[in-house]
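Residue numbering begins at 1 within each chain, and the chains themselves are lettered A, B and C in the order written.
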Amino acid sequence: MTTPRLKVSQRSRPSEELAADRRAASWRLRLGVAAVVMALGYLVPSAVGSVSTMTVLFNGIVLGLMALSVGFLLNTLGWVTFGAAAFSGGAAYIFGILCVSHGTAVLPSAISAVLVATVASLLIGLIFVRSKALVFTILTLALGQMVLQLVSLDSLSNTTGGSNGLVVNYHGSFLGLSSAALAKPGQFWYVAWTLVMLAVIAVIIISTSRLGRLLRGIRENEPRLQHSGYDTYWPKVLAFGFAGLLGAVAGVLQAMSIAFVSTDLLTFGASGTAIVAALIGGYRSPYGPVIGGVLLTYGENFFGSSGNLFLYTGIGIVVVLVAFPGGIADLAGMLWRLGVTRVRARPAGGR
Amino acid sequence: MLSILNALTLAALYTLLSAGLALIFGLRNVMNFAHGALYMVGAYLGYSVGQAIGFWPALVIVPLVMAAFGAVLEYGLLRPLAKRSVLEMALITYGLSLIIGQVIIEVYGGNTRPLNPPAGLGGSASIFGVHYPTYRLLIIGIGLGAVFGVFAWLRWTRTGLFVRAVSRDRDTARMAGVDTRRLGVLVVCLSTAFAGIAGVLAGPYVAVQPGMGDSIIVISLLIIALGGLGSIGGAIGASAVFAAAATFGAQYLTDVSALLPYILVIAVLIVRPQGLGGMRQGS
Amino acid sequence: MPILQTHGVSVRYGDVRALTDVSLSVQEGHVHGVIGPNGAGKSTMMNVLSGAQRASQGRVMFDGHDITSRAVRWRRRHGISRSFQRTSIFPGMTVREQLALASRDDTVQMRLVAGAFGLSGLLDRQADTLAYGDQRRVDIALAAVGKSRLLLLDEPAAGLTAQETADLFGHVCALAREEGLTALIVEHDVEAVFGSCDVVTVLDLGEVLTSGAPDAVRTDPDVIKAYLGTAG
């Protein structure tokens, strides 16, 4: 490449470098915030007295993790998956079957379940990501139903428990927690919170990385990206696999805490709930789906008996999609920026 | 023979539902996730009207009421949000389905309501050498009638021609003078009316219960995808395929056959993303 | 030294012959224009050169190597980039972000090309907020950035005003002169092509009518007949 001979202004620092600095600072800031949030989260069990609130929070962040897998695909590739339950429910079932039918201890079962589900999601991704957005959504819908049917098969009901579900009596300890401890949200919280926050941090890192930019480029104009020399296939597969990984972890966490898996984990409604959580909390921020998960779980608890949850959820989705596409996280972000600009506008030194 | 008749009954219901869904997608570019809920509303209304007046009046009244719902849907939701993407509309209609589902439970409670076929259709008739419930023959009859009716309409009437034109290329059709807005309302009302008919018919066949919307919507969406989104002919064909796979699979293969329809959809969509009957290059 | 050569390239769709025995030669560092009436096969030729389409017959040579069967991505990686007839950019990204993506974060290149195409002041604007003419320049900048040796521009002036067209061709010529970039421009705007290009090739009905310096081509009777004949 010949040296450039076009005149470039040497007076001020080139704006690209400034922009790059700003980007690096924002990246560091986001990670810093995440670290703080993560640290604060560990204080929750001490701060929260009641078991029922703890249960809500715990189930909330687990749902939030599943919602994050959905939200991640929505935010980067702009794809909607209606089959998130296939990976979380699927991983939950693999965990249950390993514990029950094979008598494997809880830790190896959990790790194996997550690994198997993630590999499955990568393999399925190899096929699914070739399709365009709309077809992709339908394919995930079919996948979800297929896994549900598979688990419900009579011929497999000895292993899967069929429509009755499977009670998972596992032995051994998980990172120092016995099965009795795992059943207590207050005690299981620390591990679960760590995993959820690691996922949030991973999403932050990916979103600001080269891969994240590629994924957004794919969403904006895939053919153009290819004409710029990029391979668009593997980034999509990786994104899908990553979403599968998040969902799998959520599923296994859930299975461990209640020691039970049923076909409820695999229904279209289960996938739908994850989507709702991602939408309401806001999928443009990695915290959004987690917030959405907690809100939805809280709502379920609050409205559960009267059954009005679905009504408000439905109204919630419609309102959010129509008026606040960014969900609550976006709203919060807007308010924050509003507050920050107000503070900045205040004259310094009381002049 | 029995299996064939069972498959036909199922295909009839699927056709009524998927044709409506395909129409809405083809014309309004909306993947209506609330379609199953509308079917459920039709079933419950059919139940109420049936109890109050009778089955046959219900078969006439309910589609009309559902068509009115369709108008509300079009003017209240689809038109104001016409600029939104397909996936956004899919999610919005999904939210709508949750609302409708809950309203039904509020009004009718959560129990299953078994429904008997109307008087005169309760027994079985002898057809092609087997005894088959007369009521199901009615379903097949109406289903086939609807198929023929839709085909005739699309092929031989002016409006049908417009529908096909807009399905293929909305902008060109509009430039050619087709009133796409009026057509849009018509199609949405037709779609919801069909959902209503399917619901009324389904009552005595599968019983009326709050989960019926959920179970049918996924199948309906997969059917229109298999047939080619927006292709009505494709929807009809795919309904037959699905119904056949479900019925014959259960009969002649082991229970693994339950997976057959889904494997089929996935396989076809991967090889031929536009579905079996679709022409679109993809949105 | 010709950086790009085609030998006897033909493209057929069934009975339709889009290109017949097209042989042309593009010198490195030149701005080479390709004109022709509608249906002349210009877009097909562009596709064959960029790899979006396969020739039924003939060879495409780049820098002495036979690239006839090479895919789009390979060609891009080895220095052949193209812009599109219909503006194809990344609407939700800022100009800076997309140039960074297309150039693989080569900030020197980005600064250069942005400056060359007058985009330096628009770098932080989101692409879909730009005027059409600016978006067009972004489209071409995306092709120019990122270690390009041969720039294939498909009707770059489409939708631009006369002034914008003149500016655009000016930028391209400047890049060719100062960076040694080669540009092959398929264009309808005959005046702009004659005004800026070193060599002009005329296509008609899928065949090369003539090729040479602008003045010679402009006065060639066959060329005049082809244009007047079809406009008639």
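Heads up, the rule we're going with is that a contact is a pair of C-beta atoms (placed from the backbone, for glycine too) under 8 Å apart; a residue touches a chain by one contact, two chains touch by 3 or more.
Note that this is a predicted model, so its numbers are computed, not measured.
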Where subunit A and subunit C overlap in contact partners, by chain label: none
Chain closest to the middle [Cα centroid of all protein chains]: A
Farthest chain (mean CA position) relative to subunit C: B
Subunit A-subunit C separation of Cα centroids, rounded to whole Å: 44
Geometric centre distance via CA averages, subunit C-subunit B, whole Å: 50
Inter-centroid spacing, subunit B versus subunit A (mean Cα positions, whole Å): 33
In the complex with subunit B, residue positions of subunit A that touch it: 78-80, 127-128, 130-135, 137-139, 141-143, 145-146, 149-150, 152-155, 267-269, 272, 275-276, 279, 307-308, 310-311, 313-318, 321-322, 325
Residues of subunit B touching subunit A in the complex: 31, 81, 84, 86-88, 90-92, 94-103, 105-106, 110, 214, 217-218, 221-222, 225, 229, 254-256, 258-259, 262-263, 265-266, 269-270, 273, 282-283
Subunit C residues touching subunit A - in the complex, by the definition given at the top: 50, 72-73, 76-77, 81-82, 84, 88-93, 96-98, 100-102, 107-108, 110-112, 115-116, 123-124, 142-143, 146-147, 174, 178-180
Subunit C-facing residues of subunit A, complex: 1-2, 4-6, 8, 14-17, 19-20, 213-214, 216-217, 219-221, 223-231
